[in-house]
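One chain, chain A, links the two complexes that follow: it is found with chain B in the first and with chain C in the second.
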Partner chain A sequence: MESTTYPLFRTGRRIAGTAAAVLLAIGIFLVPLFVTNQFWLNALIMANLTAAFVATWDFLAGPVGQLSGGQALFLGGAGYVAALAGLAGVNPWLGMLLGLVFAAIAGLVAGLLSLRVSGPFLILATLALAEIAHESVLAIGFLSEQGYAIGGEGGIPLLQILPRSAEGFFTTAYFLSALLLVGLVAGLYLMARSRLGLQLRAAGRDILSAEAAGINTTLYRLLGFAVAAGAAGLVGVFWGQYVGRVTPSLLALQFSFSAMVLAVIGGRGSIIGPAMVAYLSTAVFSWLWVDPHYQQLVYALALLVLIRLRSL
Partner chain B sequence: MLVFVQALVSGLSQGAIYAVVASGLALILGNLKVVNLAHGSFFTLGAYLTYTLYTTWGWSPLYSWLPVGGVVFFVALLAYRLVIGPLRHRRTTVAVATLGLGMLMESIFIIIWSPLHYYLRTTLPVIRVGGVRINLQEAYVGLIALLLMGLLFVFLKTRSGRALRFAAHDAEVAETVGIDVGRLHMLTFGGAGALAAVAGSLMAPLLTIHSTMGRMPMVIGLAVVIVGGMGNIHGALVAGLALGIISSLVGFYLSPALVYILSLAIIVIALALRPTGLYGALLRRDR
Partner chain C sequence: MSDQREYLLRAEKVSIHFGTHFALEDISFGVKPGEVLGITGPNGSGKTTLINIISGVLHPESGEVYFRGRRITKMKPHQRVRMGMARTFQHARNIPEMSAYENVLLAALNSRAVKGSHRDLEGKIAGVLEKTRLVKQRDIPAGRLSSGCLRRLEIARALATDPELLILDEPFAALSAREEKDLLALLEGLKQEGLTMIIVSHRFDILAALADRVLFLKDGREAFSGPAQDTLAFVEGQRT
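== the complex of A and B ==
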């Protein structure tokens, strides 16, 4: 797919584009000045996190050039590892780090797979990996000594560094999530546009030419996966910390699928576009109180229509 | 020991159904060179339609698989015309499209039939034959499935069937000898959808009917296809029966959840270890 447009090619457009992006970023941070209602802050925090998640998928799809059908694995997996670490008595900060490490490793595994398997089969393989994780956490559950149900459908609770009952929880969480979103999107975008990004794209798209140019495609491919997965893991551990619980829905196919759809709608590869689309659609769906089933319907329809109208 | 025999018998019947599901996938993979991630949703559609036909008009699930198969054939044709056909030269895009189609169908199911899980009564009893309990409904389902596989094999020997196999092997040359490959692809997709729906229809009384019920059969079908040799229908039957027996034993002695996970693991491992081969070479050069 070569319709990736990095929209900042000419200097004038570059300045305008950068200005717009900076304004948008500032705007996101200013939201709590206008919104104090907890429900809305929560909805927007979710929007931030979802947008960050979608950006990681898009980084993988665009610069690295690989489509992942199981991005939720990195997000939910990291969350679960952090939660499990917490259950084992590990410090929550360390737990988050462990979650990140897990995500990066899982990313490497997916990256290794991508060297063997391409296109539709990679989508299938990553999807299968995510489903394995999903089914595993669904199936494994037990009662703790205090009689709480842990695992299975209800998920696992996390020890929150900042407890929900704390003063200004939502506002703080919002700032942190906004920071995560802006930081991640900016980081991924800049990485994509840098020389590293160029090498990643080469390794992803045309292995032969890249190797001929002296690029160690295996290394870059794996690096790209590790970055995308690690970023998703970062969102995942944050998500767990915010909600206070990780549930199997964080590993669900619906989640991976929506990331794919939103990225395609937003313009696969441009990272900022998908993040915006994800943010807007999550916020709008929250605002309209749309049933998740209808959400999926809309996403699937939008995907099919868009695919028909233009190439992926 | 008796329990083992029971699981074995049950496994053969389940295996026959897996073979039917896998055949549909194999046909699509062999001809359209694409993984149909909407296959499970066609299975589910078959089950839902069977349920509705029973509750609304009292049509017995023993026979309603026939009309259900017919209807879903046309639904699949329509889906192909609208979604897949125009894209069929871009394999990755098609895979995403089939995923989208599958998810779309799942959400439509919930909207039409509500998120409730449905149960359909079985019409045939469970009998005892010399100490072994045989579920006649299951046996019936297995027999019909084997019959369908037999019909499929016969079909593959006919003129049209050979055209199909020719087009699967080399679509370009098939075009030059006058085979309308585009139409063939459309009919293949329709046929595969119908097969999945028939399988779903037959299994409806034996399973809980809900919107994502088709995922597991599809995953198992994919595992069967990969193990049996991508696109190979005979392999699909053998691997299907084998996997049916294995999954029945695993499900009985260990845990049902493990069956799904096992199939998923087979898919990942098989893809990682043997992506090359006749189809692998074609697939590597992916857009």
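== the complex of A and C ==
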């Protein structure tokens, strides 16, 4: 909420906040100067990607005002489309673009759903879409001409633009993931605080008020979904390129659930807060060698504790 | 209806029902440029339903609505705003977490007037906030404003769209005497500026002061239409 404190104080707070964010962004890029171990670089790359993904959910839940239970659909769906395009002989760059387009279109479909249902029903409907995709990729598999299993639990390989065997792969991948994180978070944050973001928020909060102000709420809701989904898709195609393979786990419920929980813990709608929480939690869990299943347990417990504290 | 071109807004034989209940039946009326039309009637007579149809929140099952000679019956509310029609709601609706300035900015960004520079936009918002006496409340979230300020904020938002027609649904409901006086002065000022208005109200005294004509609805039908000063006589006649 806009503060009622004096303008100078608000301006001072904004300057301090911006300075802190810029320093943080610079810090992220300086990491490889201190971290050269491949295990740690990998962990921090995953932290960058997870943080960027969580920011996309938070953009949808915050400024756009819509709750998605299936954000993993856009993440994994984009990765799978890029991988399938590669199997069909499409240039990897074009494959990534196709993945982005798929994610944006899937976002529009979810956006159309949001015009009919809201709240818990929208969460369930988007969750259902993601689960349909998840179960479909799990079930569908075939043998390649060379006799390799494609699809199913093993997923689909991607032709990497930068092969894993290349010199400096992890350092390069880290810089690219950091650029993705900083660029995406900055882009979503600035959009949320722009005049476009103001209208997105109005369309998400109160359709009647927004329409009375002349806002085409249908257009803005669809736009909000397309942007959030496209951004998640961007993370997804990068994820596939980095790992060299997309698997059904990218479409799994745990990704969507993690995004929701981390966004709530980090401060829903702030974009930077959820990204920071996601980054730190991924890095810490990697440092402690925590199994992904136990990570989900910790997220769920943290959510319950937070809800309890807020209700006091 | 005589010479249809003289009307800014026309409704022709508008009907709608909810379930088996006819909320409105064959309602026809027109509003001329610069005119103030009052709409009144007992609770459940269809006043807000009629306003919702005019503003596009609801679509009638039969009948048509015209604005500036153009059929707008199926148009969405935001399209009507862009054509020059603005409204307020029976229970004031603003975005509570946005400041008064931001609520008005939303409307100013979607005004039907030709977009000028950033300075022009800021000047328009400042002018509207000053007219509605909300300058001090500019940076306060709408959720923290008093009921009188919320009513004026809704009107400020509507004015920011540069409307030719302003529709007010029960603007004086739940206001203190002081807030009523302020709002009445504002609406009198807008009337003097020549703004066409439709005012829905139970208050005959307010309508007598502001409206040129009154449309009295009863059970979803037009029961009376005529000069404002004759409305009270009609209502008294109904009671005896």
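Assume the second predicted complex is superposed on the first by the 301 of 312 C-alpha atoms of A that agree within 3 Å, B and C clash if a C-alpha of one lies under 4 Å from a C-alpha of the other, contacts with A are read in each partner's own complex, and residues count from 1 in each chain.
Throughout what follows, contacts are C-beta pairs under 8 Å (C-beta built on N, C-alpha and C of every residue); 3 or more make two chains touch, one makes a residue touch a chain.
Owing to the predicted nature of the structure, the values given are computational and were not obtained by experimental measurement.
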{"item": "More chain A residues in contact - chain B or chain C", "value": "B"}
{"item": "First, second, both or neither for A:210, with chain B first and chain C second", "value": "second"}
{"item": "Touched partner set for A:198, first chain B, second chain C, both or neither", "value": "second"}
{"item": "Which superposed partner A:97 touches (first chain B, second chain C, both, neither)", "value": "neither"}
{"item": "Partner chain(s) touched by A:69 [first = chain B, second = chain C, both, neither]", "value": "first"}
{"item": "First (chain B), second (chain C), both or neither touched by A:129", "value": "first"}
{"item": "Partner chain(s) touched by A:296 [first = chain B, second = chain C, both, neither]", "value": "first"}
{"item": "Overlap of the chain B and chain C footprints on chain A, listed as residue numbers", "value": "none"}
{"item": "Residues on chain A engaged by chain C in the complex (per definition of touch)", "value": "1-4, 195, 198-199, 201-202, 205-206, 208-218"}
{"item": "In the complex, chain B residues that touch chain A", "value": "34-35, 37, 82-83, 86-87, 90-97, 99-101, 103-104, 106-108, 110-111, 115, 215, 219, 222, 255, 257-258, 260-261, 264-265, 267-268, 271-272, 275, 283-284, 286-287"}
{"item": "Contacting residues of chain C [partner chain A, same complex]", "value": "55-57, 76-78, 81-82, 86-89, 93-95, 97-99, 102-103, 105-107, 109-112, 139-141, 143-144, 157-158, 161"}
{"item": "Interfacial residue positions of chain A with respect to chain B in the complex", "value": "67, 69, 112-113, 116-121, 123-125, 127-129, 131-132, 135-136, 138-139, 253-254, 257, 260-261, 264, 293-294, 296-297, 299-301, 303-304, 307-308, 311-312"}
